[in-house]
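Read from first to last, the chains carry the letters A, B, C and D; within each, the first residue is number 1.
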Amino acid sequence: MATYKVGVVGGTGYTGAELVRLLINHPKIDLEIITSRSHAGKPFSDVHPHFTGMAEMELQTIDDLDDYDLDLVFLALPHGVSMDFIKSYDPDKYRVIDLSGDFRLTSAESYRQWYGKEHTAVNFIDEAAFGLPELFRDNIRNATLVANPGCYPTSAILALAPLLKNDLIKPDDITIDSKSGVTGAGATASAKTHFPDVFGNFSAYGLRNHRHTPEIQQALQRYIGGEEPRVIFTPHLLPIDRGILTTTYTKPKKTVSQELVQKTVARFYKKEHFVRIAKNPPQVKYVRGSNYCDVHVTYDERTNTIITVSTIDNLVKGAAGQAIQNMNIMFGLLEHTGLKITPLSP
Amino acid sequence: MATYKVGVVGGTGYTGAELVRLLINHPKIDLEIITSRSHAGKPFSDVHPHFTGMAEMELQTIDDLDDYDLDLVFLALPHGVSMDFIKSYDPDKYRVIDLSGDFRLTSAESYRQWYGKEHTAVNFIDEAAFGLPELFRDNIRNATLVANPGCYPTSAILALAPLLKNDLIKPDDITIDSKSGVTGAGATASAKTHFPDVFGNFSAYGLRNHRHTPEIQQALQRYIGGEEPRVIFTPHLLPIDRGILTTTYTKPKKTVSQELVQKTVARFYKKEHFVRIAKNPPQVKYVRGSNYCDVHVTYDERTNTIITVSTIDNLVKGAAGQAIQNMNIMFGLLEHTGLKITPLSP
Amino acid sequence: MATYKVGVVGGTGYTGAELVRLLINHPKIDLEIITSRSHAGKPFSDVHPHFTGMAEMELQTIDDLDDYDLDLVFLALPHGVSMDFIKSYDPDKYRVIDLSGDFRLTSAESYRQWYGKEHTAVNFIDEAAFGLPELFRDNIRNATLVANPGCYPTSAILALAPLLKNDLIKPDDITIDSKSGVTGAGATASAKTHFPDVFGNFSAYGLRNHRHTPEIQQALQRYIGGEEPRVIFTPHLLPIDRGILTTTYTKPKKTVSQELVQKTVARFYKKEHFVRIAKNPPQVKYVRGSNYCDVHVTYDERTNTIITVSTIDNLVKGAAGQAIQNMNIMFGLLEHTGLKITPLSP
Amino acid sequence: MATYKVGVVGGTGYTGAELVRLLINHPKIDLEIITSRSHAGKPFSDVHPHFTGMAEMELQTIDDLDDYDLDLVFLALPHGVSMDFIKSYDPDKYRVIDLSGDFRLTSAESYRQWYGKEHTAVNFIDEAAFGLPELFRDNIRNATLVANPGCYPTSAILALAPLLKNDLIKPDDITIDSKSGVTGAGATASAKTHFPDVFGNFSAYGLRNHRHTPEIQQALQRYIGGEEPRVIFTPHLLPIDRGILTTTYTKPKKTVSQELVQKTVARFYKKEHFVRIAKNPPQVKYVRGSNYCDVHVTYDERTNTIITVSTIDNLVKGAAGQAIQNMNIMFGLLEHTGLKITPLSP
């Protein structure tokens, strides 16, 4: 049975560990190398003890990558570090799926504006496919570099794309109210993630200027064409570990009905493995640990508003799972290979 | 020192217990009687063991009310039960603060529409003052019957009133995205509040038809005059015990600025004890256990949207604390008497 | 590829759902039927929406079992209901793994004493193998009826068995302090599992008389022989969904050392797939969703006490996962078939 | 009305903030100064935003203490820093309640052994009264320096003291299994308190060598006399913010009964304000935010074991509340002045 050889760069964080969780159970993949700047030389299971007995290979350095003949490398690196890696990357060596935000925006200028620094691998921006399979499957298939979407954008774009594509909603009046678990902030402790201050708490943050705003707008534009939609995006911090729930409010462009909006979305995702149409407003725990995105849509006649509620596990469909889905597409495998994971609920 | 005699009808639920917590520490109040249909005859602390040593008086029946010469009675009863009590209520006996939803809407017709049943004490609907002190202090002062606002409405109305009153936002395009802890669902266990299914979870509910929608609209109209504003309101269930955070999105009616909207709200609440202007988006834990409502407002020029974020403890400013605040006004006491409680954080 | 046909009786609860989660991903199993008294006729995924797209088969009644030619049936029924089923069970039809407590104790008398009712299928008590594979693999292999152990007992017995077997500790002075997540209380809502009352809370319960006490004692005796050990067992309710952590305190029977106790336990489980020796005290999240039991042991010279800390996911190694492990043994499959699940952390 | 002037040294942490919460509501106290090394110059409410409107005084440096004529100073400093402060402390200036561990042990040698460093203010060790009012009220009254007990020790000692004092249990066979919320680890973020890794998790730590072990032993010996009891103490980390629950297991020294042990403990605390006898095993939420310690005791005849379960809020009776209680004693005030706080539940 032919298998593909892959590596994970950045195995210390949550995203890296989640990639390993999925890769070691993937029937077509050999995970050859995991790197870690801070923990090279230690067994992977020393850093992530829950992998004891399952993944005990030694962490290596990024320079060790060259010792392997890899088909693909996942970059689970912080924003800014990825582009420094890609700057000197030779596309002939292996394909890359980058899980940072460095190649998600469509221009260096936009990157500077929202990330507050110069992009250091400008040449690669246009090369990168935006790795949201349900919308950009064809680009992903042959891409050398895939920019894996952000977690919030995945939940918002999948809810809005069918409505925009079918010209049902006004693109300049989109309100996105998102709520995310704390793993979205990464594995490094900080004052903002100190347990007693988050537990039993809830707050909004990043009002008006969160980096996922342009990512949502540009991805929707890439997919729909025309003007860039204008969205207002407000993230909130949920006192849970995993999960994102996104509520959107939009205005119809023409006369719609409950039936029309629901049929439109259902038809749009009819053939998809990982988008489930939820009759009732979905719960984040119904996707925990899985690659599903659950989407619910409804129309409020009284206020003439279309509301969507969508959920994902931010570490899976919002990061590592989606990356594996992209990899499957790039390798010509069945898209759900290694991803048929039942959500862990309760 | 003159004191007032009060009773609590319905001491078994969370709201009743919270009233008792505040009343036994109130320097001007004698709590004479607590009633409970299901637990009459037992000490109050048998039902709420955390009151051991603090409130051990025996629970009585509702008929026992007549044995006391009371100045005021709090009704901590379910919706529907309150109006049956009020139906035969003699306003000469004592004043009433009703914490149910039965007298919050302005017409029997509206009640039928949103609560799905006939109102049984129609005569009293017009009598009832809407008990949101910051907006209706003058009505409350001399009212015989006060309808204590709902928890969600309190958080939303206090955020929106200054903007509407100053004619800064369009009244027909108001989006309210609210998130509440589970005590808002009451003390009675149900499948929806089963711990394993709520823990680590998050979901939206009551889309398009939650009863707090007309309450928000009608309260705003009562205060501002003119047409009833049109709001879309989506509640979500937070996996915490106490606290509501409400995010609103509105559109300016004229040219505004960050400074203008912030000054408007700050000026509006300048003299209030219980509304704090939050420089940064507030956290629900910063009001836990207290009667505060924290309000943050910002203007997003890019999308021409005004965003507010407001927080309350749903059992205090969203229920029992606000009821005590109303009582203080009705008795001519300083409004914060017995309510100077530091939030319990962390 | 030969497969086995199985059924799940009682698909509404957590244990039933967890069995389905594991069975639909098991490469050697066809799940033919799931029954539910209360929900027969509905799709399984209506009752457990997270299974949408994964397990949508219709729930049937217990009488429908006879329409299938099954190799094995899992009983995920409440205590007392299982024995009524077994009473009229014909061992020639299929083998049974019972996940209730009905066949875990060794005598009808003991059952009466601790469960407070008469046993209704006394004939089968001696037939039942105690389904803890690490200790009773040989009995399980050929058993017709397997009594799947309780969750607390699994965590305690696996920690204590190596020490008792090697005669290192006194069998009459064993203290077991256990802490369990709320799924251990089942899927039915009750006052004790009402979210606001459990959240942020912690308490002990069942002091002195929990039914798992005799189960632990009798299982250890069955395995070790000799007198029934005497254990004191105190369960506590953790405000989490899944997971048990058990701490035990025992006294050495002879001179021991840190090295001796650690080597003894490590050697005992050397060949086991599902018991991991933890260098550091283990965390419940390191086994979440998996079939692992992590065991840590240490010796405190100052007080001459041996301490163990062990963790399991109560729904997996403490229920459904262990049942699958037993099934694998009964069918002669590799014991970890379908059970190589990486823990979901964080 | 005569008042006392006090200062808080170290207002940045949880203990400091909790002291301020209690002191600003204390009717006999003027809080003159709060110091903070890291935040001097900022309003207290900048560091603890929930105090906005309640405590906005500017944080000062430790040198500013001399500008005030203080009756008493609370030291809310880390272990090691307190003794450096006390080293050069002049007892004529003001009395001190130290909330660190620096003066809780009875000898410099013991401090070196368990804290791993030399004590720098050895002269003061004998001066310090152990600030557990229920046992050492008389020493506290006239003390110049009070060592406020640790949180775990408070919960354990209060449960064990009545049994030991009445000679009911063996002092050399005491097992203490404690569980604490995360605020016990302080306000500074660390890898161990990163939200996603603690949420939904549970673990033991500090096996065999936690510093509270000798504190418990020595306090009990000081109170009972005779040999130092020998206790085994295992702390666990609860995924909640506040609260400790301690379970102890001891062996009777003579023939006892359920009635005897319960009466003994009840009689012991008959006149105490802050120790409540719990008929049922207590819950940590029943003491949240309050100065109560709830104690439950039972006797298991089958195993001849006495079990106690006790609960406190680690930041109140386990730290700041107990410190205020000590202060009240030192000032000759009623012991519960400013401490009649109803627990916040749910």
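The criterion applied here is as follows: a residue touches a chain if its C-beta (ideal position, glycine included) is under 8 Å from a C-beta of that chain, and two chains touch if they have at least 3 such contacts.
Remember, it's a predicted structure, so these values are computed and weren't measured experimentally.
Enquirer: Count the C-beta pairs in contact for B-C and for A-B, then report the pair with the higher count.
Expert: More C-beta contacts join the chains of A-B.
Enquirer: Report back the single chain whose CA centre is most distant from the CA centre of chain D.
Expert: Of all chains, A has its centre farthest from that of chain D.
Enquirer: Report the inter-centroid distance (CA atoms only) between chain B and chain C in whole Å.
Expert: 46
Enquirer: Measuring from the mean C-alpha position of chain B to the mean C-alpha position of chain D, what distance in angstrom results?
Expert: Chain centres of chain B and chain D, defined by C-alpha means, are spaced 37 Å apart.
Enquirer: Just how far, in Å, is the C-alpha centre of chain B from the one of chain A?
Expert: Once rounded, the distance between the two centres reads 39 Å.
Enquirer: Which parts of chain C, given as residue numbers and ranges, touch two or more other chains?
Expert: If we look for residues of chain C contacting two or more partner chains, we find 14, 183, 196, 199-200, 239-242, 282-283, 285, 288, 346.
Enquirer: Contact residues on chain B for chain A in the complex?
Expert: 175, 177, 179, 196-197, 199-205, 207-208, 230-232, 234, 236, 238-243, 245, 247, 249, 281-285, 288, 298, 300, 302-303, 305, 307, 309, 346
Enquirer: Give every residue of chain B touching chain D within the complex, in rising order.
Expert: 14, 21, 24-25, 48-55, 183, 199-200, 241-242, 273, 276, 278, 280, 282-283, 285-290, 292, 294, 340, 342-346
Enquirer: Show which residues of chain C lie in contact with chain B when the two form their complex.
Expert: 14, 181-183, 187-191, 193-196, 198-200, 239-242
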